[in-house]
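A, B and C are the chain letters, set down in written order, and residue numbers restart from 1 in every chain.
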């Protein structure tokens, strides 16, 4: 089998250039989707018959929560690839994912709390979804803390990769146990996001926002990845060529 | 009779931005000894750690009997003994207890063999004292007793003569000579050079 | 390879044919220890060391008792109220007590080169890590489990709940030790790793806390605790199969 494409894909100068070329292809569609989704969600969609306009925070909360998990999965996948095949660029991808994922998680928590105020009359409710989200934030913080704690980049890459993989095994267990715990202590949650009959005018902007956030993540990742590759390869000769060009 | 053989091809290793190993290349057959010399920081320890598979070289490979050691690290590890510059001893245990656990993990060991090894390195008189009360040279002797109990084909020794007096250095020489004569191989990182009594030594100089 | 340009070959010693006559290869043979023997010795070594420093064995227990004491002082001495809080108090105490000793699980071994010898022993590092974790459980988890009923009784729990509490804490701490071994191995080589170790270990330990506290609560109310106990056991079994692998990988990384 011919593996040259694979090695080319994993070479830092190639990745650096590729990331630069690809960024606008994700950034602009992301901006379009998010603007269209926000307009659809905040202006066009009808108010909810129970929650009035309060439900509109859904258009930021749900995509953030979705991204928080998706970024973790991407991070762990990249870390596993780096760990198994010893590909440095994959570790750089994982390292770039962590702060983005933590930010999405934080956004999901803040919007969840803001939503909780009109919904429950309190900013914080020990709802299973919010609790899992909070634990996820700690997983991200632990991952970044471990990275920051180990001075040698390669060792930091590999150790944090093991942590990310352990985390992926644990995320479903944590989610299940938190849901189980919650079901013991209170009646089923008042809020259910996935109401079976969400009118199309409400659903469509949500899907646009999901797509927009995903594209936004990829664009952010590409920008961060370039910085990460630059920092890691600062001793290499191709960097001098890039910088002086 | 198996033909044990250690070959190192074009080993490159970076530590952060430092290019520590720059194309190290050598081969070692049974009964041969390689003396790795170089100033502090020239990569002697890194080379030994790359040889035994602890450190991962970016380029090049280590071959054991013609096969890359990464293919089957446990089998390669079973064929080598590595002695770092710190003796792997527990301060709260006696030399005898230390050897019982440390060497026992690798081989079956009876009390007579253990006692013989301790006597050989001159540790019989203080073999029941806790290691924390021993001097650095005495600890090194206990580590040598451990080495004597591991007649595996390949010995990787990092500064085996540190902290030893003249008699102790001669003991290192004896152990190495004995190991070579039974067909073993030795790679020793030495700052001052191996004792004169060891023959059949090749020298590898690592420039800083 | 981006950095291979400008490299200089360091040395090329020739292949050395032995000048000394070489004895038969069986001179290099010795009776190898099998994996079980190796794991047994690794376990005994840690127990032996722990009993040389007996004073340290009491620390997690004293810590557990101290944490328990804080609750009546901070909340109320009323046994009826404390009884309701007992599962939480017990499990937070056990979790923190188990965490306390974790920092030292691999640290001395990393420092004196024992981990290196384990990694180069030719034996399964996973089995050796499991042995070390088992030693950690025997030295902290089991004593905590034995002490948990006493703590529970001091919080007004009836003696009929003792077997259930003992069992749930014993199984739960197995899972905690295993999860903790991963965190301890990952933070090797980091100075002042205590806070980071907690940050890594606690989120992963939450399921154990949830199921354990539920089991204890059911035991206190005299109900059947089979369901949460099974979940705890499932976590422990999952831990036994995966945690030593991850810990071994982390130890190898720390030695690189």
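By definition in this document, contacts are C-beta pairs under 8 Å (C-beta built on N, C-alpha and C of every residue); 3 or more make two chains touch, one makes a residue touch a chain.
What you see is a predicted model; the values in this text were computed from it and never measured.
Colleague: Leaving every chain except subunit C exactly where it is, which of them still form connected groups?
Modeller: one piece
Colleague: Farthest chain from subunit A, comparing Cα centres?
Modeller: Greatest centre separation from subunit A goes to chain B.
Colleague: For this structure, which two chains share the highest number of contact pairs?
Modeller: B-C
Colleague: Express in whole angstrom the distance between the two chain centres, defined as the mean CA positions of subunit B and subunit C.
Modeller: 31
Colleague: What whole-Å value do you get for the distance between subunit A and subunit B if each is reduced to the mean of its CA atoms?
Modeller: That pair's centroid distance is 48 Å.
Colleague: Where in subunit B do residues touch two or more of the other chains?
Modeller: Each of 56 in subunit B touches at least two other chains.
Colleague: What parts of subunit A, by residue number, touch at least two of the other chains?
Modeller: In subunit A, the residues touching two or more other chains are 235.
Colleague: Residues of subunit C that touch two or more other chains: which are they?
Modeller: 3, 256
Colleague: List the residues on subunit A that touch subunit C in their complex, please.
Modeller: 11-13, 135, 138-139, 141-142, 145-146, 149-150, 154-155, 158-159, 162-163, 165-167, 169-170, 173-174, 176-178, 180-181, 184, 233, 235-238
Colleague: Sort out for me which residues of subunit C touch subunit A in the complex.
Modeller: It comes out as residues 2-3, 5, 182, 186-187, 189-190, 193, 196, 199-200, 202-204, 206-207, 210-211, 214, 231, 235, 238, 242, 246, 249-250, 253-254, 256.
Colleague: Please name which positions on subunit B make contact with subunit A in the complex.
Modeller: That would be residues 15-17, 56 of subunit B.
Colleague: Quick check: in the complex, which residue numbers of subunit A touch subunit B?
Modeller: 86, 152-153, 234-235
Colleague: Can you tell me which positions in subunit C touch subunit B when the two form their complex?
Modeller: Residues of subunit C touching subunit B: 1, 3-4, 7-25, 27-33, 37-38, 41-42, 44-45, 48-49, 52-53, 108, 112-114, 116-124, 128, 252, 255-256.
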